[in-house]
Amino acid sequence: MIEAKEITLDNLLSEVKNYHDNGYRLVTTTCMEVDDDKLEILYHFDKDFKLENLRLTVDKNQTIPSISSIYFCAVLSENEMQDMFGLKIDGMVVDYGGKFLLGEDSPLSPMAHIQIVAKEQGENKEGGNNA
Amino acid sequence: MPDSNISFIPFGPQHPVLPEPIHLRLVVENEKVVEALPTVGYVHRGLEKMVEAKDVNQMIYVVERICGICSCMHAMAYCQGIEELMNVEIPERAKYLRVIWAELHRMHSHLLWLGLLADSFGYESLFMQTWRIRERVMDILDKTAGNRVIISVNVIGGVRRDIDTEMQKWVLQSLDAIEKDLREIYNVMKDDYTVKQRTVGVGVLSADDARELGLVGPMLRASGVASDHRMTGYAAYKDLDFEPVVETAGDSYARMIVRMKELFQSIDLIRKAFARMPEGDIAVKVRGNPTGEVISRVEQSRGEVLYYIKADGTKNLSRLRVRTPTFANIAALFKILPGCSLSDVPVLVLTIDPCISCTER
Amino acid sequence: MQISLLLNVLLPFISAVIVYFLKNERMRNIVIIATALVVMASSVVIAVYGYNTFAGHPLGNINLDRWIAIGDLLLSLYILYISVSLKNAMLILLTLLQLIPMFVFENFSGANLDVLHPIYADHLSVIMNLIVSFVGTLIWIYAISYMREDEEHKGIRPSRQNRFFFILLLFIGAMNALIFSNDLIWVYFFWEITTISSFLLIGHDRTAEAKQSSTRALLLNSIGGVMFVIGIILGYHFFNTVDIQTLISHRASGMLLLPFAFLCLAAFTKSAQIPFQSWLLGAMVAPTPVSALLHSSTMVKAGVYLILRLVPAFYGSWLAGVIAIFGAFTFITASLMAISQSNGKKILAYSTIANLGLIISAAAINSPVAVAAAIMLLIFHAISKALLFLCVGTIEHGIGSRDIEDMRGLINKMPFTTLITVIGLVTMLLPPFGVLLSKWLVIETAAKNPLLVFMIAIGSALTVVYYARWIGILLSRTSSKDVVQHEKRDPFVRIPLSVLAMLSIVISVTVTSIFNGLIAPQVVEYFHRLGVIAQEGSIGTSYGGFSLWPVFLALALALLGGYVVLKGSNQYAMPYAPGESAQEYKVIKVAGKETKMPKAKVSNYYFSDVISENRLTPWLDVAAAVLIVAMFGVVIL
Amino acid sequence: MGLLDKARQRSPWLIHYDCGSCNGCDIELLSCLTPLYDVERFGIVNVGDPKQADILVVTGSVNQQNKSVLKNIYDQMPEPKVVVAVGVCACTGGIFRDCYNVVGGIDKVLPVDVYVPGCPARPEQIIDGIKLAIDKLAQKDVVKEEG
Amino acid sequence: MNVLNIVFRLLLALVVFPIIGGLIVGLDRKLTARLQGRYGPPILQPFYDVLKLFSKQRIIVNEFQVISVFIYLASSVLSLVLFTFQSDLLMIIFVMSIGAVFLVVGALSVKSAYSQVGAQRELMQMLSYEPLLILIIVGMYLMRGSFNIAVIMSQGRPLIEELPLLFLVMVIVLGIKMRKSPFDLSASEHAHQELVRGLLTDYSGLYLGLIDIAHWFDLMLLLGISTLFFYPHIVLGIIASLFLVILEIVIDNVTARLTVKWMLTYSYGLGLVLAAINIAVVYILR
């Protein structure tokens, strides 16, 4: 288990700001699905090769505030989370509207369903892929 | 002339100077770029989701294909993560071999990048010369690992192949020849008037900017931050004393110099590794499935990669998250493109050493 | 002959008065067209039948000098009235500076102002008369439909067209009179009429901008007027006459050149040379026919005409050398400025200034060949430039903009006008058409003077930039499958445009006959030698030659080749785009604001950061002023 | 028309599009241009402009976003033209064929003339494939009817 | 000038010179390859390329493109013909400029970002080289008192003796005209350029082939002018011209592409100054 400080939506921004002011670099954010209606978001910060993590657990339909106004680089990983998990993020500096990595015909929030996407061998993949 | 002077230029995804598909929405005034928005997604495949289809060992081949150019280091980061989860200590010789192949990969990646950069500002002969040298590195990879690009040497628990003494001698000889050629190119690039015209003062990022943008690797080091993840001493790096290459100017020229100096550093590291490599096994047998979550970080040629691995004891991982260095570095485009000139756009895109297949996975 | 002259000069004045009082639009148009036809015909008659035939006083016993002196006084008082009502102290001062010396000179100095032949016509007069009579009247005809549309468009009621056409006709009359006058005081009178007419025409729209521009025009031209008055008085002081032919027959030198320097300065203001260019740039607020008239055939041409008239007087002197450099300086700087403009009319305005600079420069290169080139340029420029102004006016009515960026793909919307515009631009820019031919002759002659040729070489390269890109964007079209609307144009627009376009090509094709028939005799009269042989479609000097036919042949072959290939099988395709269509669904919000990805579009490079009109103009003015000071310097020292 | 055929065989210009490859095949294709392999010996030039290209070389599998781009590029090329799929991903989708965003090999979008397998394909293989493509190119005729 | 003479000159201008031009381009590619450590294409490669382009499907965006190409070709051919007929040099330059203008017009008439930017840059290139070319000719005139090639060639000592700096200016002009680094801004000889193919982007097949051929004519005209510097030592002149070409190729291979602003500053800063010095010296000495 990696060490991570549990935070809530209320103190997210202040904690991130704290790291920012102490000279930490935002490495990335990681999102994963806990169960059918909960998502877990990890914020990784680095200073002198030491990694610190924040762990935030939210409901799938909850809107979380963007930290991109504190760390600009967060727009990339936040947009990715928005794409992959359908996570609603408020106030991103650059918002690709859920089409950052995905194309027009791509499945919607593909990572947010615990299901095997592998096809049977030899199955024609055209069509039936859209979620 | 408020609006009449503005041009909109779609740049990419198919563009001869950028071998990979990335699209830039450029707003240009005369030759000056006013606004630039990169949009990506042309290479997105969804590899992180592949954990549901492939088991722990098969995933090595998938992560190697996140990016062909740094495939060795992807596999290395992944294997190190799994090994940490499963508490496996791999043999010392394997650690050294991993370092050697990683550094060879770094060399071929940097040479490739240098050639593409030269191509982006129309210095075709330099492109050809660097790629000529690069072929020697590819030869070494080919001879030692059996393939030119994706060498698949890393397995969980060690490496797949050994490099015997005779081969070592040949590799070292090749490295000497490479170093000699490189030295010549370095001297030209360092002082060339036209190269300097195109790179000095172009796309400047201060150390603070670089941290704000979350940059990693040579981008960060060119802005004066001595951040090289190899310093943490994973694999055999702890025994190979070295200093990270740092430049302070933060412009395209500094990024070029950093990468060129790292080429010499890599040669040096390989020599040291060969000299200090102990005899012994190259892999240990690993059984069972991993459980728990771990973060594994490795310095790739483009910077630090982060693997977040979560496993629940089945043969498939439950979550794999890869934050590639290019994914972090692409943020720099938001900052350095506005204000540059149109002819600098390919140069600047290349100075971040983009690897779109890494970025999008 | 007398009759055709009288018709040519007086009829416009008379018709002007008739038009002013004629309320019926139909009748008015008939009067205008009839006058136009008569003026054209009479100018041809003059050109064909006679030069130097107007000896003596044109109206027999009537003492025209007296009437002109009275007219002059009234005109000056009118300008004074305008100045006072404009509350412009500077203008009042300048007007008084003209009024008082002139009044004193004419009435109290006891000077003998009689001129033996107050009317004089040589080939130069005939050339100018043909230009004014044809181009000017075609502009009248164009103006008929233009002004109707314009007033509809701007909602001007009651119609002010009476006043407009009154001045327009007056203008041409005054120009023709000016051309044939041999008495400096007469020239001055008609000169002042063109000044006041242009003031009234520029201010026609009565907007704040129009008012400002017209005031500026009046102010700068009044400076010229003052210079003119000084020139007349000094000329009389030195040579005891106001007869132009007598004046220029003296090969003056030293201080004696001073009156000519003043007269040239007056011409510079009229020809809007830097630093006096701002009035001409401001003049484009006026309705398009006015701009066309001012730029091509009348107002500005009066200046260069005066200089060409005076050339023998200062031929070979240092004064000529400085004037040549001054003209070349205007040529290069105005061309540079034109690059930074996207306003079609302004580009044309700067191009006019540049070309006039080149004419002045060529006139002052001490060589008969150069004077011939200057006259040639005068002709070709007048026609092509008038055509281009009328085209821009038509385009402006069609698309509601005169910005060349808005003219992209105009060929799809207004094919007729666009093709005519392209013809105009090509005849301005490329060999074997006359403007470039003259430029070629100027460069070859100027080559003896490295400084001059430097400026002209760069200037002509700059010219290529702004015209070539204009042609290019006019012709841009994605696919010929775009429906080309059949363009409906009023015949009053269609005819002048077609006639001018045809003229611009025809005179280029027949350039050798024009050269031999009109230009060569004038140069021979001035210098008793020519140095140019024009025959069989080629113009040659002892140091070079230009053959027209090979170029026409090559162009014809090229067009034929293109036609044949286009007849063959061709697949029409979309322009290259790096596959961006897949991006259209990606809406990106930056800081909450949506950014759209518009269709690929490239504007011309205007380098407005480097060539900033506002920033550079003061410096250029200073440099030009230095040259003017140098001009007087070489005379006085 | 022996001469024309010869000219066509001697002057194949190619355009490369990276269609979601892992860069392995891309860099091998680029290697072909460089001193060791130097395909310009055969008159092969990598032009970036589809309108001037004869051979479309595609690396990587087609994904949901770039399928239209690939189609656009192919459509912009004048006849006669051939398509070479380089690498196993371009041939079939390869290891990525199960990914959610991947459509499959490029033959899902374009008619492919030559398949060059390999992960990544080696430069020698690629040159071989292009040689095959050249032969096919020479056999094709310009489509004449459209206008 | 009898008929045989005329036929001979036409043959020279229409057949022999363009073939030599094509061979020089082939040599260029071979030499470039060698300098880059490659083997390179055969010398005849440009001819294969053009033949192949002729056999391709004809794709156009609009008619003005086609017309422009033909006018470009016609003006290039005509200027070379006029050269072999020893006509007025300044006229030849003006005739050549028709083609240059129409190349730009053709590119501008296509609404593609890349050909349009290429066209804009080509205009800047014209702005850079045209005054230089005119000044070179003015220098010749100052020496010989005529613009006529026949007269320029009629007198004894070679021009290079007194116009060495103008010959150097020729290096800049030729570099821009040959689209070589550091001046390969509007369209590069090489395939990789930030503007794809610059102003040639939307040309293909037959039309691209015609542009290539016109380019050979242009090249030969410029080399003809540089040979004039050495007349009456024609062999020396040809060697010098070839040397000039090789120099361009070498420069191409040791420089990066620079920017439009740099080109303007350089051609005006260096080119005009060199020309000015040379012309001033000649002017004062005469």
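As written, the chains take the letters A, B, C, D and E, and residue 1 is the first residue of each chain.
Following the convention adopted for this analysis, a contact is a pair of C-beta atoms (placed from the backbone, for glycine too) under 8 Å apart; a residue touches a chain by one contact, two chains touch by 3 or more.
Every value quoted in this text rests on a predicted model; they were computed, and no experiment measured them.
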item	value
Shared interface partners, meaning chains that touch chain A and chain D	B, C
Most remote chain, CA-based centroid, reference being chain B	C
Of all other chains, the one whose Cα centre sits farthest from chain E	A
Per-chain Cα centre nearest the global Cα centre, belonging to chain	E
Chain pair with more C-beta contacts, D-E versus A-C	D-E
Chain centre separation (chain B, chain D; CA means) in Å	27
Distance from the mean Cα position of chain B to that of chain A, given in whole angstrom	24
Whole-Å gap between the CA centroids of chain B and chain C	65
Cα-centroid distance, chain C relative to chain E, in whole angstrom	36
Contacts with 2+ other chains: residues of chain A	94, 96, 99, 101-104, 106, 110, 117-118
Interface hub residues of chain C, defined as touching at least two other chains	569-571, 573-574, 576-579, 582, 586, 588, 590, 599-602, 605
Set of chain B residues in contact with two or more other chains	7-10, 13-17, 21, 31, 37, 39, 41, 44, 46, 49, 53, 128-129, 132
Complete list of chain pairs which touch one another	A-B, A-C, A-D, B-C, B-D, B-E, C-D, C-E, D-E
Residue numbers on chain A that touch chain B, as the complex places them	1-2, 23, 25-28, 30-33, 42, 44, 49, 51, 53, 71-77, 94, 96, 99-103, 106, 110-111, 115-118
Chain C to chain B touching residues, read off their complex	342, 403, 405-406, 577-580, 582-583, 586, 588, 590, 595, 597-603, 605-609
Residues on chain B engaged by chain A in the complex (per definition of touch)	37, 39-41, 44, 46, 48-49, 52-53, 211-215, 227, 229, 231-232, 292-295, 297, 304, 306, 308, 310, 318-319, 321, 323, 327-328, 330-331, 334-335, 360
Residue ranges of chain B in contact with chain C within the complex	1, 4-15, 21, 23, 25, 28-32, 35, 37, 39, 41
Complex interface listing, chain B residues touching chain D	13-17, 19-21, 41-47, 49-50, 53, 61-62, 65-69, 71, 112, 115, 127-129, 131-132, 134-135, 138, 148-150, 355-357
